[in-house]
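Next come two complexes built around chain A: one with chain B, the other with chain C.
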Partner chain A sequence: MSSIKISNLRKTYGQFAAVDGFSLEIPAGSVFGLLGPNGAGKTTVFKCMLGLARTTSGVVLFDGKPLVPETFERIAYVPERSVLYEWMTVAEHVEMNRRAFKAFDPARALELLAQFNVEPAKRSRALSKGMRTAVMVALAFARNAPILVLDEPTSGLDPINQRHVLSLIINEAARGNSVLFSSHQIGQVERAAEHIAVMDRGRLVLEGLVDDLKSDRKIVEGIFPNVTYTLNGIANDPRVLRADRTERIVRLLVRDDADNVATMLSNAGATGVRVVDLNLEDIFLFAVSPADATADVIAKGSS
Partner chain B sequence: MPAVMTVDPRSGVPIYLQIVEQVKRSVALGILQIGEQLPTVKQLALDLTVNPNTVARAYRELEHADVIETSPGRGSFIRDNGSVQSAKSAASDVARDALDIALREAKSVGLARNDVRELIDTGLDRWFPEEQ
Partner chain C sequence: MAYVEWLRAARCLKITAIVLGVALVLIVALEYTFLVGSRSSLSGVELHTSTGDVNARKILDGATTTYSTLPDGTKRTTIVNAAKGIRVTVDDHGYFGRHVEIFERSVKGTEKLIGIGPVSFRRAAVPGGSVVTIDTNEPEDFAYLAAIATFVALIIATILGAPFARQNDGHLEIALTSPAPRTILGLGTMLADFAGIAAAWLMTVAMLFLAHVAQNAPNYTYGPLDTEVIVLGFAGVLAWYAMLCAATASMRRAYGVVLGISWPVAALVAVLAKADLGDAPMAQLVHWGATPLSWIDPFTYLHFGPAFTENGRPAGSLAVSLQNELPALLILALVYVTLAIVQWRRVEA
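Up next, the complex of A and B:
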C-alpha cells in the first residue's frame, strides 16, 4: 500500500503557470481519477510527480519520501503519448522491460497483449494509435508496481479494450495498489475511481469521493411567472454553491438539504420546482465553468 | 446473482446506493434467498466494472441495514433473522422510494394535494382492483 502526497506544486513555462499551486493527497490503495479540460495541467502534474519535468516549486512525496531512483521500481507509468521505439518489436519491448524492472512479469505482459489482440512480433511503427496505447498499458500492468500513474490509458482504444483497461484498474484496486489516472471519458472515471480531483487552469477546483459528491450536490430548479422576481437572499444561502439563470428559469447548485432549498424557492414564488440528481459529468462541468449569474444579480431580480 | 444486478454509473444516484437498492429489491422479490451467499467484493466489482471500495461500501450499508451478514473468511450472506419481516420491509422500502419520486414530481409540476389523491386512487383501482 502506497500513498502519494503532492504539496503546492508549481510549474511555470516563462510567464505561464501550467500548474499553479496544486496539492493533492492520494490515499494508499485507492483509485483516483484526475479530470480537467484540455490544457488544465494534468499531464504536467504527472510529469512533475515522476521527475520527468523539473518542478518550479512544491513537493511530491511517495510514502512520505521524496522521489529517488529506487522509487521508479514501484511506479508504473503510462504516458499520454506512447513512448515506443519504432524499429523494435512489441516482444522486444517486453524483453527490455524485463531487464529494466525486477518485478516485471513477461508472461503476464504477453497474456495482456493477447487479450488486447496485439501481435508481439509486430514492430512499433506498424501499430495503430490504439494498439500503441494497449502496449503501454500491458507493459505497465505487468510491472507488479504498487503505484500506477496512467495518463489517459484508454485513448484510442475501442470500447471492448477500454472496458478491459477498467477491469485491470479495478483488479489493481482489489489488490490494494494505488492508481492515479486521467481520462476525458467521464463515464469510465465514474466506474473505476472512488476519488476524483478536478483541475482547471493549473489549480485544484474540486475533490472528493464520487459517490459523496453525487449524494451531496443537487440542482434545485424553478420557474418564475415573469422576469421580475427576487430570490429573497436564497442565492446567498451557504448551501447554494452557485446560481444560474436563463430568463425566468433559476438553477441552483446546492450542497446538502436540497429539499429545504426547494421549499425556499417555492416560497419565493417559483413554480415547477424540482430537485435534480447530478452525475459526474454535470459535477465536472459545473466545477470548470463560471456561474452565469452572480448572487447579486439574481437577488436584485431582473431589470 | 450478477445476472440481475446492473449499475448505471452515469446516473446521479451514487453507485453504492444502486447496489444497496438492487440487493434489497432482490431480497424483496425472492431472487435472493435467505442464507444465500453474495459474490465477494472483488468479484462483484469486476462483474459490474466498478471500484471495489464502492462495492465494499454497499456491503457495509447492507450489513448496517441488517440485510446481510458478513463473517470474515466465509463471505457475505443474506440474513436469516426475521427473514419474512426483512423481505417485507425491503419490499416496502423499494415501493416507498418509487412513490416518493412520483409524489415529488407531482408537487414540482404544481399539483394540489387533492389532485394527487385522485391520481393515487385511480392508480390503486387499476393495480389493486380486488382490494376495493
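Up next, the complex of A and C:
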C-alpha cells in the first residue's frame, strides 16, 4: 500500500490553476523528491496534501484514509519558510512540540539542535535564516513521524548542514519512514531520493525511479559542419523525446536504442556523434524547459 | 497553539505586573505625601475637598493649632481660626484612618455626601454654620476594586484580542498541522487568553488592595452587589475579547489597526446611541445609525453606573443590571466566539 496517494489534485486561485490534475503515489518507506522550477506548484501541492489549503478538486489519502487532524501524529512537516514565533525561544518551540505531539522526543530535538549548533535559549528572531530552517528540521525529525513532508528543507543552510539534513533524510528512509521533499538543489535530490516527480506549471511532467529515468534515457549529441542542416526526420522518430539545437550542435533526448539514433544522426551529416548518460539535472531541465523553438522547426521542417 | 497563546499572555502579564507595580509605588508615595506627611498639614483636606468650600490656607491663616492624645491613643489636632469662624478637628487613628471635622460658621451648606472608595465627605448643616466630615477609612465596597480591575482586564483583552490573526500572520502551518481539530485549537487559544485576562484582573485587585493596606487597615464589605459587578465585568470582558477575535479572525495583517480603533469606535457608538442628539435630521441620522450598532457593542452593556455618588452611601453606588446587561453580554460573547471560530476554520495557509 502506498503511504500517500494523490489523485487528480487541482487548486485554483480565481482563474489561475496553481495545481492542475496532479496525481502521485508515494510508496511507504521511500524518499521521494519533488522537483520543479519556481512557481511550479510544489508548495501548493504540499499545502493541499496537508489541508493547509482547500483543494478545488482531487483526493489525498494517507495509508488509504483521508486526512484528519489525528493524521498529523504521523506526519511531520517543514514549510519552505520559517514559521517559528520570533518572540519565542528555541526551547519553547521544543516544549510546544512536546505538548502537541505524543511521539515527539525532546531529547532527540535537543540533540539535533546541538548538531546544527543552535542554542535552545536563543529567541527565533536572533537566528539566521539557515538556523531557523535547522530548527524546523530538528523539530520535524524529532517527531518520530512515519511520514515527513519537507518543503525546501535545506534552504539557507550551509553546505555542511545541507549534507547533515540529507543524511537525516536517508536515515529516515532506512528506518522505513517515507520522506517527500522538494529542493532546488538537484544534486541533493539525486543523492537522497530514489523516486522523483517533476512539476511544471502546476502539472506533473515526469515521475519515476531515478535510476530508471537515468538508464532508459540517453542524450545523443552531434555537431554539423554548417549552421544550416536537416535532420532527415530524426526529430520525429518516436524514440526521440526531444530535440534541442545550439548553433551547429544538436542534442537529442532518446528513449531506447540510442545507438541506432546516433547512427541515424551520423548519416544525416553530423560529426563527433556520441551517446551520453543522463544525470538528474538533464532529466529535470528536459522536463521543465520548453523544447528549443528552432529544434521544433527542425523537427517539423525536416520530417 | 494554546501553549503559545499562554506564553503570549504570560508576557503580557509580566508587563502588566510591572505597570501595576509602578502604579502601586506611586499611589503609596502619594498617599504618604498628602495624607501622612506632616501632622499639622491639611494638604490632604485641601486635596480632597472638591467643592472648594474648604481650603487649608484659608483655615490656617491666623489659626491656632493644638495637639493632644486621647485616652484610646488617637492623636488629635485642633485648628481654630476664630476670626474666620472655622474650627478643624483631625483625629488620627493611625493605620485605621482619619476622621476630620471642619466647622465653618459662614457657610450655610446643604446636606451632601460624597464617597470615593474608602474616603467619604459629608456636609451637614448645624446651628450657626455647617460641618464637613471627612473619613479616610470608611467601609469600602469590593465592587470598586472589581470595576477598576475590569477596566484593566479590558485593556489586556484588547492587547491579546487578535490571537487568530497573529496565527494567520506566518504561523498557520504550526497550528494546522497539529493533531487536534481547529475548533478545539481555537477554543483552547481563547481560553488561554481569557485565563491571562482573568489573571490581570486578579493582579489589579491585589495591587489596589496592597495600595490600600499600605496606608490603612483593610475595611471592605462584600455583598450580592459585588458578585453582580464581578460577573457583569467578566461577561463584558469576555464579550469584548470575543468581538475583537471575531473582527480579526480572518486577517493576516493590519489587525493592530482594528485593535487600535476598537476603543474609540465602541465608545463612540455606545455614546451616540444613548445620547440625546436633538431633532436635527443629521443628528437623528447619526442616532439611527449608531443604535443598531450599539446592540452588538459590548460597551453598551458594560457600565457600572457612576463611580461615586452624592447623597448616597458608597456601598450600593455601582448600579448594575443583571437582568438585561448580563444576558446581552453572554449572548454577544457566544455569538462572537462562534463567529471567530467559524472564520478561522476557513483560513488557508
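Criterion: the second predicted complex is superposed on the first by the 283 of 303 C-alpha atoms of A that agree within 3 Å, B and C clash if a C-alpha of one lies under 4 Å from a C-alpha of the other, contacts with A are read in each partner's own complex, and residues count from 1 in each chain.
Heads up, the rule we're going with is that a contact is a pair of C-beta atoms (placed from the backbone, for glycine too) under 8 Å apart; a residue touches a chain by one contact, two chains touch by 3 or more.
Since the structure is predicted, the reported quantities are computational estimates derived from the model, not experimental observations.
By the touch criterion stated above, A:V273 is placed in contact with chain B alone, chain C being left untouched. When the two complexes are overlaid on their common chain A, residue A:S167 makes contact with chain B while staying clear of chain C.
Residue contacts after overlaying the shared chain place A:P69 against chain C, while chain B stays out of touching range.
Look at A:A107: by the touch rule set out above, it reaches neither chain B nor chain C. Within chain A, not a single residue is touched by chain B in the first complex and by chain C in the second. Chain A contributes residues 47, 50-54, 69-73, 75, 77, 79, 81-83, 85, 87-88, 92, 95-96, 99-101 to its touches with chain C in the complex.
Within the complex formed with chain B, the residues of chain A that make contact are 30-31, 163, 166-167, 170-171, 173-174, 187, 190-194, 210-212, 214-215, 271-282.
The residues of chain C lying in touch with chain A in their complex are 3-4, 7-8, 11, 170-174, 176-182, 348-349. Within the complex formed with chain A, the chain B residues making contact are 9-17, 41-42, 45-46, 49-54, 57, 104-105, 107-110.
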